[in-house]
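Some structures are shown below for you to check.
You will see two complexes here that share chain A, one where it goes with chain B and one where it goes with chain C.
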Partner chain A sequence: MKIHSRQERGAAVVELKGRFDAHEVPDVRKALEGAAALASGRVVVNLADVNFIDSSGLACLVQAMKHCRERKSDLYLCCLQQPVRIIFELTRLDKAFEIRASEAAAIEAVQQP
Partner chain B sequence: MPTPKLRLAIVTTHPPGKGSLNEYAFHFVRFLRQKAEVSEVILLTDELPPGESYAFEDRPGLAPILVVPCWKFGSMTNALRIRSAVKRANPDGVLFNIQFASFGDGKIAATLGLTTPPLVKFAGYPTIVLLHNIMEMVDLKSAGFAGNPVIEAVIRFIGTQVTRLLLNSDLVALTIPKYVEILEKKYKAQNVVLAPHGAFEETPTPSFALPAGPLQIMTFGKFGTYKKVEILVEAFKLLQNGSRPPLELVIAGTNSPNAQGYLEGVAERYADVPNMRFTGYVSEEDVPKVFGDAAVVVFPYTSTTGSSGVLHQTGDYGKPAVLPHIGDFAEVIAEEGYGGEFFEPDDPASLAAAIGRVIDNPERRRELGTQNYVASRGLSISDVIDWYVLHFQTLIEQRAKSKK
Partner chain C sequence: MTLSSLWAALGGAGEKLANAWLATGASAFSLWQGKQLIAAWPRNSQRSDSDLSAIVYSPDGDAVGEVRVAGLVGHVAQSRLEADAMLLTSLSGMEEEVDGLAEALGDSQDQLLALYELTRAGSSSLDIDKLLRALVRQAARLVKADAAFAVLIPSQVMQYPAPFAGDDQLLALFERVVANGGELLLNARDLDGIAALDSGSVFLAPLPQRDRPGIVAALGLWLDRPAAELSPDLKLARSIAEQAGAQLEIALMHQELLSQVRLQAEMELARQVQMGLLPRRAPNVEGISAFGESRPALRVGGDFYDFYPASSASADKSVPAARLPMTFAVGDISGKGMPAALLMAMTRTTLRGGALSGVASTPEAVLAAANEDLYDDFTEVGMMATVFVGCYDPTTRILSYANAGHSPVIYCPAGGTALLLEADGPAMGVLSFSLSLNQRLLFSAGDLLIVGTDGFNEAANAAGEMFGIERLLRLIEQLADRSASEIARELFSAVGSFSAEHPQDDDQTVVVIKGE
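This part shows the complex of A and B:
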């Protein structure tokens, strides 16, 4: 999996590319922790190029969201492909996460107090 | 936005109670108390026999626990008593850790007990049912619930109605994707959710070494309904006929609440079989040794009722599994990454051969043990509990919005 992090209008954007499964969790966790520290917990995870996510990947995102919320901020997801969206719906975590259709919308939303 | 801490109630069996799902509850409650989002856990559990009592660790970092024994296996009044207990405790949400026979072995007691989740929901509490099996996947004959096709049809009909009742809860959580699919299709359910079983953490990385002495072939569980050890004893007799190092058969666990006296009957019937040991009830502190000493863990199941806690423990301890060729179990293996040797459920020779492929080949034993260990590390029960906490938070937020 490829992981790319950048700053965008005060938010940390983490782009993931490829399969997101148990093997990738340590690297993604590290990237998300770093992003949350840089942007005071305002994190956007762009999943546009993630074609598969398993329960370990979901758990990793849940942990990251919890950490952001502990910082009184939030973690937003954006650009979910259909197979990934189905997993979020199956686990009903789509109700727990803030999910936006585009990266721009997610960045804008994560800035809101 | 900061979310208020939750007081969560859980309706379940729990050790030292010996009802089914007690071990899952033990780990679930243990980790639930560690969550920063939880301010109190209210355990609405079954009444213990005289002389036994519930005991819990109390230390900083753990949410306090209030234990309320308020129901009894087989009682007809469980639903009303639990609802009253919920009202008195007034939690923010109620989780039911149940399966179809959680509240009784009799059809009426079992059914009445399963009316509890909707009763609690209609009393105004966010309610999640963690349902470990679904009626559509239970082999009623093997589970000891049906003797003839008419009775089986009646029970299936009742099971369908009970499932509809349970679906009146806010959410019904299932541990296998296929179960979610079945309930969504058959019942047009919109409120079923996948929540994986999760691994019971805190087991050290296995060494794969075995103790000196005979190789132990172990089976673990509550026996007598769909877990039958006769086929395993027959297979063990076949294995002992071969030119192998000494073997020991360890039958670890108790009778199912639905099959009192079953293991005693097996012990009597096979009194002449050497090197066979019945451990009786295995307390939590003895579980690591029972699994750690085993060369292989055998699942002599005639049907299945969901993702197996014993399979997850087998993975935790890095042990190989020998499993029946049952569709549901095979799916668990495939979906969760576990490995094992398979046997035909009614064939002792097939079981003996499957066990032989593991115990006669240390490399295969280690390979399967490693595979199961890696699979069990996939998602911890602590992670799964985070999902439940999120679901409760979402339900509470939704209720608050709908009241405005």
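This part shows the complex of A and C:
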């Protein structure tokens, strides 16, 4: 899995590429922690190139989201592919996460207090 | 090298040189170091007057003395005396070289001895503590250090001859070696806070490891003497550190192997405990048959299922147990290994407590209470648990349930099409409150409810293709006529043969409820 982090308009954008399972969790966790520290907790995770996510991967995103919310900020997800969207719907994590169709919309939304 | 010691080293050759002067007409030949007479011919002549003199130099070009001749004058005699002085100058250079070689030989013998003693100390023990103790003792002795210490990450510190600084201060010194990426020679006076080291130098050398990245250990020596004198000592210290590094690596490998074996034994134990927690058999309830089974993957996982005995859930002893509502649960903790297994045990216990105490009277309330109890624990370990809680009431034939992010849950009415029942709230531990509400199914003869875990639909074949929900739905329709336990076994076997060439990497758990 490839992980790419950058800053955009005051938000930390983390792009993930590939299969997101238990093996990738330590690296992704590190990237998400770094992103949260950088942009005072305003994090956007772009999942456009993620084709599979298992329960460890979901738990990793949940942990990062909780971490951001503890700091009165948030973590937004964007650009979910169909298979990943289905996983979020099946597990009802779509109710727990803020999800946007595009990265621009997620960056816009994560800025709102 | 002084002129007197050089002259002494020349022995008979010096004497011959002097006699040659006397034989050619000189009345006296003498050798002086400043104002001090070193030797004179004829013997016992104390004459300081002379007619000729020439300076003897050290190899560095400093004047170290003088040769004098009395009773001869002239250009020829002066040239001859200067030639003798030059001879003495070059001889003193050679002497110094020989001394240097002898010293180097002595050093390398010391090193060999040190390495021998250290090897003996190291090879007799794989105990890391003993190894570090031998290292600081031998290194201090052989390098003639006034104190020595060794540091091994994450926080092991050994001091010699007695503790002279706080462990944290020495760990901070070690961090400087790590930051520097190699050995360091520090002025002891620049080390803040280590009062015992008030002069001299502190030398820090990593204990190099061949197969481990970074610096994991270092030897430190306090040498209370001028830095200019340390060069051979540091060479020796370096070779000791190198040797000790190799031994430490072997000892560390041994320790890791041991702890791996221990961990495996612990995992096996945890697995047995976990399996022991699962109910052996479903309770007997009027109107349905129930069956549950869990097959853990190689590593201890976090799947569980449970049936809560109806009899203890009610105080009303006049109603036969089989006519009382039966609660059951299926869950999957995200993650694997010991933390998942422990959290699974906690979740299972909390759900059971809620279901049996009567405080939480519906599946929705059981889930909400357990989420409230365990939310902080889940947050702490960064995990979550999908949980399905169901309750069948034989008097109404209603199966009520609440689902916190759990999948797959499949309902197949008698003779009908299998449907995936989707959760309405996320997994436990995701939000501090529960979103899962009570749902109801009227459960008649032949109706099926199958609550599995994602180990079924996510089982992959050699090509990486997953079994998937669709295949599960069709399989359940085909198996609908069979008994609850047969359906469960067929599910395991179908998914098992689908992913035959792929190791089972997630737990597989299923509870089957069939209306009778």
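Throughout what follows, the second predicted complex is superposed on the first by the 113 of 113 C-alpha atoms of A that agree within 3 Å, B and C clash if a C-alpha of one lies under 4 Å from a C-alpha of the other, contacts with A are read in each partner's own complex, and residues count from 1 in each chain.
Simple rule for what comes next: a contact is a pair of C-beta atoms (placed from the backbone, for glycine too) under 8 Å apart; a residue touches a chain by one contact, two chains touch by 3 or more.
Note that the coordinates shown come from a computational prediction; the quantities given were computed from them, not determined experimentally.
After superposition on chain A, the partners chain B and chain C collide with one another. Judged by the touch definition given at the top, the superposed model places A:V62 against both chain B and chain C. Once the two complexes are overlaid on the shared chain, A:K72 sits against chain B while remaining clear of chain C.
By the touch criterion stated above, A:A48 is placed in contact with neither chain B nor chain C. With both structures placed on the common chain, the touch criterion links A:A96 to chain B and to chain C.
In the superposed model, A:A105 makes contact with neither chain B nor chain C. Taking the listed stretches 114-122, 240-248, 366-374 or 474-482 of chain C in turn, the superposition on chain A shows a clash with chain B for 366-374 alone. Shared contact residues of chain A, touching chain B in one structure and chain C in the other: 22, 54-56, 58-59, 62-63, 66, 90-93, 95-96.
Every residue of chain A that touches chain B in the complex is listed here, in rising order: 22, 54-56, 58-59, 62-63, 66, 69-70, 72, 90-93, 95-96. Listed in rising order, the residues of chain B touching chain A in the complex are 1-3, 36, 171, 177, 180, 193-196, 377-380, 383-384, 386-387, 390-391, 393-394. If you check the complex, the residues on chain A that touch chain C are 22, 29, 54-56, 58-60, 62-63, 66, 89-93, 95-96.
Listing the residues of chain C that touch chain A in their complex gives 332, 334-336, 379, 382-384, 386, 404-405, 407-408, 420, 422-427, 429-431, 435, 454, 458.
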